[in-house]
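Pasting a structure below so you can have a look.
When the chains are written out, they are named A, B, C, D, E and F in that same order, and each has its own residue count from 1.
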Amino acid sequence: MESNKTRYEKGLRTVKEMVPNETFQMMQKMQEVDPDFWNMIISFGFGDVYARNGLSLAQREIVTLTTLITQGAFDQLEVHIRAALNVGLTQAEIKEIIIQCAAYTGFPKATQAMQIAGKIFSE
Amino acid sequence: MESNKTRYEKGLRTVKEMVPNETFQMMQKMQEVDPDFWNMIISFGFGDVYARNGLSLAQREIVTLTTLITQGAFDQLEVHIRAALNVGLTQAEIKEIIIQCAAYTGFPKATQAMQIAGKIFSE
Amino acid sequence: MESNKTRYEKGLRTVKEMVPNETFQMMQKMQEVDPDFWNMIISFGFGDVYARNGLSLAQREIVTLTTLITQGAFDQLEVHIRAALNVGLTQAEIKEIIIQCAAYTGFPKATQAMQIAGKIFSE
Amino acid sequence: MESNKTRYEKGLRTVKEMVPNETFQMMQKMQEVDPDFWNMIISFGFGDVYARNGLSLAQREIVTLTTLITQGAFDQLEVHIRAALNVGLTQAEIKEIIIQCAAYTGFPKATQAMQIAGKIFSE
Amino acid sequence: MESNKTRYEKGLRTVKEMVPNETFQMMQKMQEVDPDFWNMIISFGFGDVYARNGLSLAQREIVTLTTLITQGAFDQLEVHIRAALNVGLTQAEIKEIIIQCAAYTGFPKATQAMQIAGKIFSE
Amino acid sequence: MESNKTRYEKGLRTVKEMVPNETFQMMQKMQEVDPDFWNMIISFGFGDVYARNGLSLAQREIVTLTTLITQGAFDQLEVHIRAALNVGLTQAEIKEIIIQCAAYTGFPKATQAMQIAGKIFSE
């Protein structure tokens, strides 16, 4: 039976595969704010969920981008647009996800997401 | 330049490709409630958005299922779980989408979605 | 300076002007569940807010219908569609409000609202 | 039957009637980010929806302000407070809409909206 | 280091302490729908989160009731009103939580919550 | 029967007991934007709701922090983290509330709340 150490290590491998190194450094500041919460993010979020089989990381990022746009969690969107590019979604696909969201979440949230994507893509 | 007639016809072809016939019959009742609104659903939603290139219908349904779960729009979820199966997502993939949502929308919405999926899959 | 008795009485007059009598009977069951909460609904909601000048009751119901659709509070929508008709909005205007919402909240919530409106209008 | 060119032109006329010129310039940056999405905003949002009969532009802005406040889409609220003033709502009416929202969305969102309105009105 | 078996067992003890036995039977049906998801609910939700020190179970249920009301997750609210009573909150305290929510989430969600609480309390 | 003057005075006493003086100064700017809305915040929010018996101010702040996190109202969260510390919640308890939220609202909102809490606690 999998130990918590394994969950954490699997999560750490997964998140490092997903986000650019400087994004990881920024995320890791949470470790000082609350080490238990950091542990949950890595062990549960990345170890138990992202590292599962059954969907590719690119498919999982379609879920993540969509839910962030739908809940208006735009502060977290930038990290996951970068992660989405890293795990194989193209700029064109990310823009299609946002357009698909427009019909389901309305234009205000889609517009804000497209502006953020546009800024990242023009870097 | 594309006419509105083309948009409507393209939308109609797309929705009929996506949902089982009896689901379409049920959706179509909207035509009597408000024909203009029905026209928008078909021409804009299915014609302008779903029929676009750039993402497969299966990828678009990942977006749709995720946004419906995130907004708690469970009355519309059943239609789109059936559509998702129709355009090629497997039961296992749909359950993975819901599990991925749990980390991002919290367990209450994921639990409700899983119960609905379970009911449909056991038919 | 206005007393709480005045606020309650003003609220009661306003709500009775707005909703059909049988709807009021149904709402009033809250008085037995929690009399303080009932008092807040009438004194604050209808006395302090709805009874204000500055917007007509019809304009206030445009706000109410829109916010209920946006938050997915469909169990409360029926009461306020009836109230909206009572204070002077037409069926056509209520359907326009829902169509305007489609662009801003996405189609799932607008669709559910239109189905509820359709059911009430066909009575 | 209306062509897409007509829809776009009608939308463009409507948006230019609604927002101050410098707001339009700012919105138009979306055209470079994703021209298809820009087209949808103008053709569908402003051409198919705002340009409809059945509600005045002032009534439509009551819907828009309310849904933006309810969804917490405060980054888009400024544009629409300016548009609301342009199509004939007064400062006093906009503040009444926000007060009406307080009872329906709670005070945090209404407070944030009132702060934004206050800043715009004091310019 | 804690194993996953320990997490699951701790979660199981916690949930059984919290909810009446027939509620647990009902929840457990999830095990057949998706055993991995059930495992996450018990190991993460009840084992990693509810079983933590730092807040009493009664305080945790204040959080849970509030977030369910805020997100409009009324299908899950009944389970947690029963759990809240089980871990020591009184009927009067639960009604106060709902009244406190009214000011923060608006009256529609608070009203729906109060109706559900009223039904449970009158059993 | 309580007059509105009493409600306002009770609300004013309560808010001043809850928030640091400089936070109150900042909140009070609302009085110039819209004096009626300020009156509602104090008389209804703090006078009718917070000043009630039945829950301690610390318990009420558990409700408030949770609903603000759930609705993503992060601009208001800082005021209420300071208020929560003032009425007796510890830093450790506030972090537990956020962790409890993670399971119910998902990690994006909990992460953003924890970052804000971390910033305030490190002052």
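Convention: a residue touches a chain if its C-beta (ideal position, glycine included) is under 8 Å from a C-beta of that chain, and two chains touch if they have at least 3 such contacts.
All figures in this text were calculated on a predicted structure; none of them were measured in a lab.
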Intersection of contact partners for subunit C and subunit F: A, B, D, E
Report the chain whose mean Cα position is at the greatest distance from that of subunit E. D
The A-D interface: which of C-F, B-C or E-F repeats it, judged by over half of the contact pairs being the same residue numbers? B-C
Mean-CA-position distance for subunit E and subunit A (Å): 28
Between subunit D and subunit F, the Cα-mean centres are separated in Å by 30
Whole-Å gap separating subunit B and subunit F, where each centre is the average of the chain's CA atoms: 39
For subunit B, residues contacting two or more additional chains: 36, 40, 44-45, 52, 67-68, 71-72, 95, 99, 102-108
Can you name the residues of subunit C that touch subunit A in the complex? 102-108
Which stretch or stretches of subunit C touch subunit E in the complex? 30, 32-34, 36-37, 40-41, 45, 67-68, 71-73, 75-76
Interface with subunit E, subunit F side, in the complex: residues 44-45, 49-50, 52, 54-55, 59-60, 62-64, 66-71, 92-93, 95-97, 99-105
Within their complex, state which residues of subunit C touch subunit B. 72, 95, 98-99, 102, 106-112, 114-115, 117-118, 121
Where on subunit C does subunit F make contact in their complex? 1-5, 7, 36, 40, 44, 48, 52
